[in-house]
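In what comes next, chain A is part of two complexes: it sits with chain B in the first one and with chain C in the second one.
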Partner chain A sequence: MGKGHKGVVFMTSVATLSLIFVLFIVISSYRIVVGPSPYDRLLGLNVVSVLISVIFITFSMETEMGFLLDIALVFIVLNFVATLGFAKYLERGEFR
Partner chain B sequence: MIIEVISWILISFGTVLLFSASLALIRFADPYMKIHAGSKASFGGAVILLGFLLMEGITDVTGLIILLSVFMLITSPVLGHSLGRAAYLEELCTDDIKKISYPAEREDGGDGVC
Partner chain C sequence: MTLPMLFIVILLLISLVFNGLGTIGLHRFPDVYTRLHAATKCTTFGTIFITFTVIAYSTRQYILTDEAKFLNMAIHTLIALAALLLTNPTGAHAIARAAHKMGIKPKKAVRDDLEEADLQKKKEVD
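And then the complex of A and B:
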């Protein structure tokens, strides 16, 4: 990755973007806490996981640390497997 | 310069998509509407990744960014389908769907969730 071509404006904008995503996480966590059905809670967890992954990506673009993209990829994969497992469990009543 | 403007437009569009998904999670009524709206959050993340990809150009993390974007686009419909199918097999909030599809099978009274 190129060195030193990112100015103060870019870093400030991306940091502001990360703060906006944190606000979205706070909004989505409402559905996890007071969701009436388990599907609402799982969906809120899915959206929060996507937002956390996007925060990892923006922080990686800001600081040019490439390994954060690996962490974001693993986060997305684990979210996919966990949500699918819970949905199958709620559908069938047992893990199969 | 024009590529930078296009990438910022893409990032803003993805942020708007993520905001609408978060707002729909707290505003919509039954789980199917929320699943419909929450599946769009991954699309917003993919659009933001496309914007960062255009801004960075070809670097050594380009393949990883494309892989993340494709994986976000693939897994979101699978999760939405699985959650919606599990909620429908439990017959959660299906009175409205039955009213639309089969008006004769409409039952009175919900289950407190809808």
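And then the complex of A and C:
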């Protein structure tokens, strides 16, 4: 047990809890596949992207790799741009 | 498992519960607006707590091992939190606006204030 030792119980519990986020992604994908309107599909895509960035953040804590946080940040910003673009497209039927 | 680790796991559990509630809301609610309401609020709140988890963890590791890497991690998590807080509600607002403009009605709604305001504006222009 050195300085800053994390412990087996902690690591397994964090890994197990972050696996549940994958289950949430699967449940949210239902809305992408069977959403009645395009807006439901867009919302499902938004939620799935946020959950993927959450998994990135959790994984950076598990493995102590800091660059995964940068990937999560870029994922969040790209998700924002994609959502705004699709919303504008669905609002008018064409890009303006 | 020591006490700070237990605290971190509890923060992670809170985040998990709220993300799960958002996902269930996305699955079960009847129309776009209620789904937006459930999914966006709950995922934003859950993600705030997961960033708190990582900040608590890296602060603890920084105090114990005194490596600069963990301080770096905490600051990057804060930046990611700020980006998420700015972008997620804005995207949800854009989706709701697009849905309302293309004429999707809220289910079981008695009155629609935004539609009445639009009609009023149109009358004033005419």
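In the analysis below, the second predicted complex is superposed on the first by the 92 of 96 C-alpha atoms of A that agree within 3 Å, B and C clash if a C-alpha of one lies under 4 Å from a C-alpha of the other, contacts with A are read in each partner's own complex, and residues count from 1 in each chain.
Note that a contact is a pair of C-beta atoms (placed from the backbone, for glycine too) under 8 Å apart; a residue touches a chain by one contact, two chains touch by 3 or more.
The structure presented is a predicted model; accordingly, all values stated were derived computationally and were not measured.
Novice: Label the relationship between chain B and chain C on chain A in the superposed model as either fit or clash.
Specialist: clash
Novice: Once chain A of both complexes is superposed, is A:V77 in touch with chain B (first), chain C (second), both, or neither?
Specialist: both
Novice: With the two structures laid over each other on chain A, which partner does A:F24 touch: chain B (first), chain C (second), both, or neither?
Specialist: both
Novice: With both complexes superposed on chain A, which partner does A:Y39 reach: first (chain B), second (chain C), both or neither?
Specialist: A:Y39 contacts both chain B and chain C.
Novice: Should A:V9 be classified as contacting the first partner (chain B), the second (chain C), both, or neither?
Specialist: So A:V9 only meets chain C here.
Novice: I'd like to check the shared interface: which positions of chain A are touched by both chain B and chain C across the two complexes?
Specialist: Shared contact residues on chain A (touching chain B in one complex, chain C in the other): 17, 20-21, 24, 27-28, 30-31, 37, 39-40, 42-44, 46-47, 50-51, 53-54, 57-58, 60-61, 66, 69-70, 72-73, 76-77, 79-80, 83-84, 87-88, 90-91.
Novice: Once bound in the complex, which stretches of chain A touch chain C?
Specialist: 3-4, 6-7, 9-10, 13-14, 17, 20-21, 24, 27-28, 30-31, 37, 39-40, 42-44, 46-47, 50-51, 53-54, 57-58, 60-61, 64, 66, 69-70, 72-73, 76-77, 79-80, 83-84, 87-88, 90-91
Novice: Write out the stretch or stretches of chain A touching chain B in their complex.
Specialist: Where chain A meets chain B, its residues are 1-2, 17, 20-21, 24, 27-28, 30-31, 36-37, 39-40, 42-44, 46-47, 50-51, 53-54, 57-58, 60-61, 66, 69-70, 72-73, 76-77, 79-80, 83-84, 87-88, 90-91.
Novice: Using the touch definition up top, name the residues of chain C that touch chain A in the complex.
Specialist: 1-2, 5, 8-9, 12-13, 15-16, 19-20, 22-24, 26-27, 32, 35-36, 39-40, 43-44, 46-47, 50-51, 53-54, 57-58, 61, 64-65, 69-70, 72-73, 76-77, 79-80, 83-84, 87-88, 90-92, 94-95, 97-99, 101-102, 104
Novice: So in the complex, which bits of chain B are touching chain A?
Specialist: 11, 15, 18-19, 21-23, 25-26, 31, 34-35, 38, 41-42, 44-45, 48-49, 52, 55-56, 59-61, 64-65, 67-68, 71-72, 75-76, 78-79, 82-83, 85-87, 89-90, 92, 112-113
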